[in-house]
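Following this line, the structures themselves.
Okay, so chain A shows up in both of these, paired with chain B first and chain C after.
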Partner chain A sequence: MKIKKNIAISQSGFAFDPNSGDSFSLNPIATEIVNLLKDDKDEQFITSHILEKYEIDEFTFQRNFDDFVQMLKHYQFVE
Partner chain B sequence: MKLKYERPVINKINAGMPDKYGMKVQTKAITEIDGLKISNLIEKFGSPAYVLSQQTIENTFTEVKRAFTNRYPKVQFAWSYKTNYLDAVCRVFHSLGSWAEVVSGFEYRKALNNGVEGKHIIFNGPDKSKGDLILAIEKGSLIHIDHFDELYMIMELTEVLSQRPKVAIRVNMDTGIYPQWDRFGFNYENGEAWNALNRIMLSGKMELVGLHTHIGTYILTPNAYAVAAAKLTDLAVNINRKYNHKIKYIDMGGGFATKNTLKGAYLSGADTCPSFDTYADAITSAIVNSEISPEDLPTLILETGRALIDDAGYLIGTVLANKRLADGRRSTIIDIGVNMLFTSFWYEHEIYPAKETSVHTEDTTIYGPLCMNIDVVRAAIQFPLLQKGDQVVIKRIGAYNMTQWMQFITLRPNIVLIDTKGETHIIRTAETNDTFLQHEKIPDYLIKN
Partner chain C sequence: MLPTYNIAITGLNNTDNPGPGVPVIRGLREAKSFKVNIIGLAYENLEPGIYLDGICDKVYQIPYPSAGSTAFIDRIKYIHEKENLDFIIPNFDAELFTFITSQDILSDLGIKTFLPTLEQFEERQKVNLPEYGKKYNVQVPNSKALTSLSEINDLRKEFDYPLLVKGKFYDAYLAYNPEQVINHFNKISAKWGLPVIVQAFAKGTEVNVIALGDGNGNTIGAVPMRKQYITDKGKAWGGITLGDEKLLELTRNIIKQTKWRGGMELEMIKTNTGEYFLIEINPRIPAWVYLANGAGQNLPEAMVNLGLGKEVIPYTSYEIGKMFVRYSQDLIVDLSIFEKLSMNGEL
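This part shows the complex of A and B:
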C-alpha cells in the first residue's frame, strides 16, 4: 500500500491533499503510521514497530490498523 | 517503558465553526461518582448499571427549597412519583419533608406503602378508578379532579361514604407558551374551571381545599408560571368573594427544566436552564401581588420532579464495539440502549469516558445494543477514541428513565444508590429470565411432555 506522493503531512499531524484541497488532522500515532507508509514500510514492520513502542496488544492494534487503512482509502490517501 | 497507546485516527477538517462559541477542545472524563470509581462500581454491580447519588438529591432539594422559602412563608413540596418511584428514592424525598404526588392507584398504594399519611398524598391524573377514589376519600387525601365525569363520580360516592372528600381542580390555561397543555383539567379561559368550582361549592358535598395547575414540561420561560399563578389566585379571590370560602393551597405542579439539552436546541441546556430562584421569583411574586390578603395566603405546593432528581442519576456502561458506517463515520456500540434511556428520544444526553483521554475525537454515532434501528443514543457527537471494553458514563438521567423504561430485548440492570456516607446499596436488583417466567403462563396444549 502506498500513500500518494503529493500528500503533505506536518509533524503535528496536519495533512493536505493538493488534488482535492482538503485538509486533515491526524493524531500522533496516525501521523507515525502514515510517515512509515510513505517510507514504504509494510504492515508487518509497522505492527512490530508499534507493538514495541506502545502499550497495546497485537489483536487490538490489528483491528485499529485495518480501520485506519479503510479511512485512508476513504479519504483517497492511497495510490 | 512503553508509551500510552491511542488508536490511529484521521479527521477531515471542515471550514467554519459549529456555533459562535466554537468547539470544545477536550471531552472531560467522569472517573468517579461521589468518590467511588466507575470501574469499581461496574466490577461490583455489573455493566450497565444505574447509579443514584443521595448527596446530589439532598443538595438539589436544599437549593430549590431555599429558593422558595426565602420568598414565601408557606411552601410544601410533593414528590412526583412518576418521575422516579423507586421506593428508596421516594423515601429519601419523604425524609426531606416531601409529600407524595401520585397519578394512579398503583402509585397511590406505593405512597401508602412508603409510610406517607393519606392526608399528605396528592392524587392527580385522569385515571382514578372508583376503588382508588374510595380509598383516597377514606384516607383524607387531596383529590385533584381532572374532568366532570370524575367530579360526578365523587359526588355519587359522597352519598354512601361518611367522609367529606377533600378536593381541588386541575386548571389548564393559556400562559403565553407553546404548546398549551389543555388535555388535563378544566380550562380557565373558556369558563370551564369556574363552572367546575361553582358545582363543587354548590353541591356542599365536598371540601374545596385547593387549586392546581401543571402548565407543561421543561418550561424555559419562568414568566409562564407567573401568568398561571396569577390566574389561579384570581380564581381563589373569586371563590372567596362569592362563597366566603378560602382555599388552603395553590399547587403549581412541576415542569421546571434541567440542564439536559433538548434535541434541536441551538444552545446547551446548561446555558438556557433558568435557575430555581428565577422560577421561585415568578411564582411567589404573582401570589403575593394578588388580591389575596396577607393573613389568608395559601400554602404553595410544588410537584417538582425532573429538576430534583435528574442531576442525581447516572448510567454507567461499556463500549461493546466500534464500527465504520458506509460514509466513513465512526459508530460506537455501547451496552446502554434506548430501552433503559427513554429520555434519549428527546435529549442529547451528555456521554463521557470513564478515564482520561487525549484531545483527539471523532465524529461518532453512539448506538445502544438493541437489534433495532431506533436504538440511537447520540446521532452525532464528537467523542474520544474509545476501544471495546472501555467504560462510559451518561450524566443527568435520574428523571423518568427508571419508570418509563422498557423491558425490551435485554433485561433491566441493577440500580444502585450511593448514600451520603458513600456506601452503596442495590435498590432494585437486575432482572433475570426468572423475573419474566414468574408472570408468563403456558397453556397446557403447548407444554410438551
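This part shows the complex of A and C:
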C-alpha cells in the first residue's frame, strides 16, 4: 500500500490532497504512520515499529490500524 | 512608464449572488503591464461595487439589455464621449449577446473587447450542450429544453429523478418529482424566460475551471477550483485551487477545438470513478476570478492585453492549494451619493 505521491503532509499533521482539494487533520500517531507509508514501509515494519515505541498490544494496534487503512482508502489517499 | 487604460466594467453586484465585476477590477488594479481608470457600469443603483472604496473611479448607470441595443449603444457613446474608453469587460451572461453583436460598433468607436464569437457563444448554451458534447467529444449529462408545462409528465421516459431544473442564464434547482419540476419551471421561467432546461443529475464533486482562450486555440491561463463552502444559492463562499491535470487537459482540449476567445468557466462534475461530466460553460470570467489572481494568474490583465493586440505569454503554472474565503461587510453610504447616482445616472 502506497500513499499517493502528491499528498502533502505538514509536520503538524495537516494533510492536503491537491487533486480533490480535501484536507485532513491527522493526530500525531496517524501522521507518523502516514509518513512511514510514504517512506514505502510495509505493514509488518510499521507494526513492529509502533509496538516497540509505544505501550500497546498487537491486537489493539492491528484493529485500529486496519480501521485507519480503510479510512485512507475511503478518502483515496492510497494508490 | 506604464500606459493607462480607461476600462469599463459591468457586474458590480457583489451580493450573495455575486457578479465578477469587483474581483475583475481588483485584478486589473494589480496589473503589472498597465495602469487603469475604472469606469463602473451599473444596472441597479444599489450594486455594492459602486460604493466600495478603491474600486471604481467613475460609475454610470446603463440600460438593461431588454431595453434594446439602440438604447445601450447610445448610452455607451455618451459614456465614451466623457471617459474616452479603451476597453469594456462585460461580466453578465444576459448582456453578452448585446456586447458580442455590438463589437464592430464599439470597435469603430475605438473601444476594444475580447469576447467569444456569436457561434462560440451560442453553441455552448445550456440547450445545446448535448450536441456540444458530441461535437467536441466531452461527456455531458443528458438534458432537454422545456417550453411548456405539458412536457413535464413525459420526463420520466428519458430521465431518472432527481434531476436538475435550470434557467437559460442562471439558477439551478434539484427536483425529486414532477411537482417540484413544475414549481421550479414556473419560478425560473418567470425570472429568465423560456426555455427551461432539465438536466440529468450527475452524482459527484463539482469542480470548476476558470480559463482564458486567445481565439486561436491556445489556452492563455487556466486554474481549477473546488468550492469548499457553498451558499444556499449554490455560489462559492470559499474555494481552493486544485492540482488536477486531467481537468486542465480537458480544458485545454475544449479551448483548442473551439478556438475559444475570451474568459470562460467550465463547470464539471467529477464522479467517484474519476469521470468528468461537463454540466455548464459560462462564457465569461466567473466571480471567483480573484482566486486565480491570488494563485499567480492575472487573467483580467491578460484579457485586456489580448484585446489590445499585445503579445501575451501563456501562464504555465499556478499555486495549488490557494484558498479564497468571501466575506460580507456593511458599507456606510451618504444619501447625497445615492441621490447623485439616482438622479443623474452617474457618479
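The criterion applied here is as follows: the second predicted complex is superposed on the first by the 79 of 79 C-alpha atoms of A that agree within 3 Å, B and C clash if a C-alpha of one lies under 4 Å from a C-alpha of the other, contacts with A are read in each partner's own complex, and residues count from 1 in each chain.
The rule is simple: contacts are C-beta pairs under 8 Å (C-beta built on N, C-alpha and C of every residue); 3 or more make two chains touch, one makes a residue touch a chain.
This structure is a prediction, so every number in the text was calculated from the model and none was measured.
Trainee: I want to verify the contact counts: of chain B and chain C, which reaches more residues of chain A?
Mentor: B
Trainee: Between chain B (first) and chain C (second), which does A:19 come into contact with in this model arrangement: first, second, both, or neither?
Mentor: In the superposed model, A:19 contacts chain C only, not chain B.
Trainee: Is A:5 contacted by the first partner chain B, the second partner chain C, both or neither?
Mentor: neither
Trainee: Scan A:75 for contacts with chain B and chain C and give back first, second, both or neither.
Mentor: first
Trainee: Spell out the residues on chain A that touch chain C in their complex, using ranges where they run on.
Mentor: Answer in residue numbers: 6, 8, 16, 18-21.
Trainee: Sort out for me which residues of chain A touch chain B in the complex.
Mentor: Spelled out, the residues of chain A in touch with chain B are 15, 22-30, 33, 50, 52-56, 60-61, 64-65, 67-68, 70-72, 74-75, 77.
Trainee: Could you pull out which chain B residues touch chain A in their complex?
Mentor: For chain B paired with chain A, touching residues are 2-13, 322, 324, 328, 358, 360, 385, 387-388.
Trainee: List the residues on chain C that touch chain A in their complex, please.
Mentor: Interface residues on chain C, with respect to chain A: 205, 207, 225-226, 228, 240-244, 320-321.
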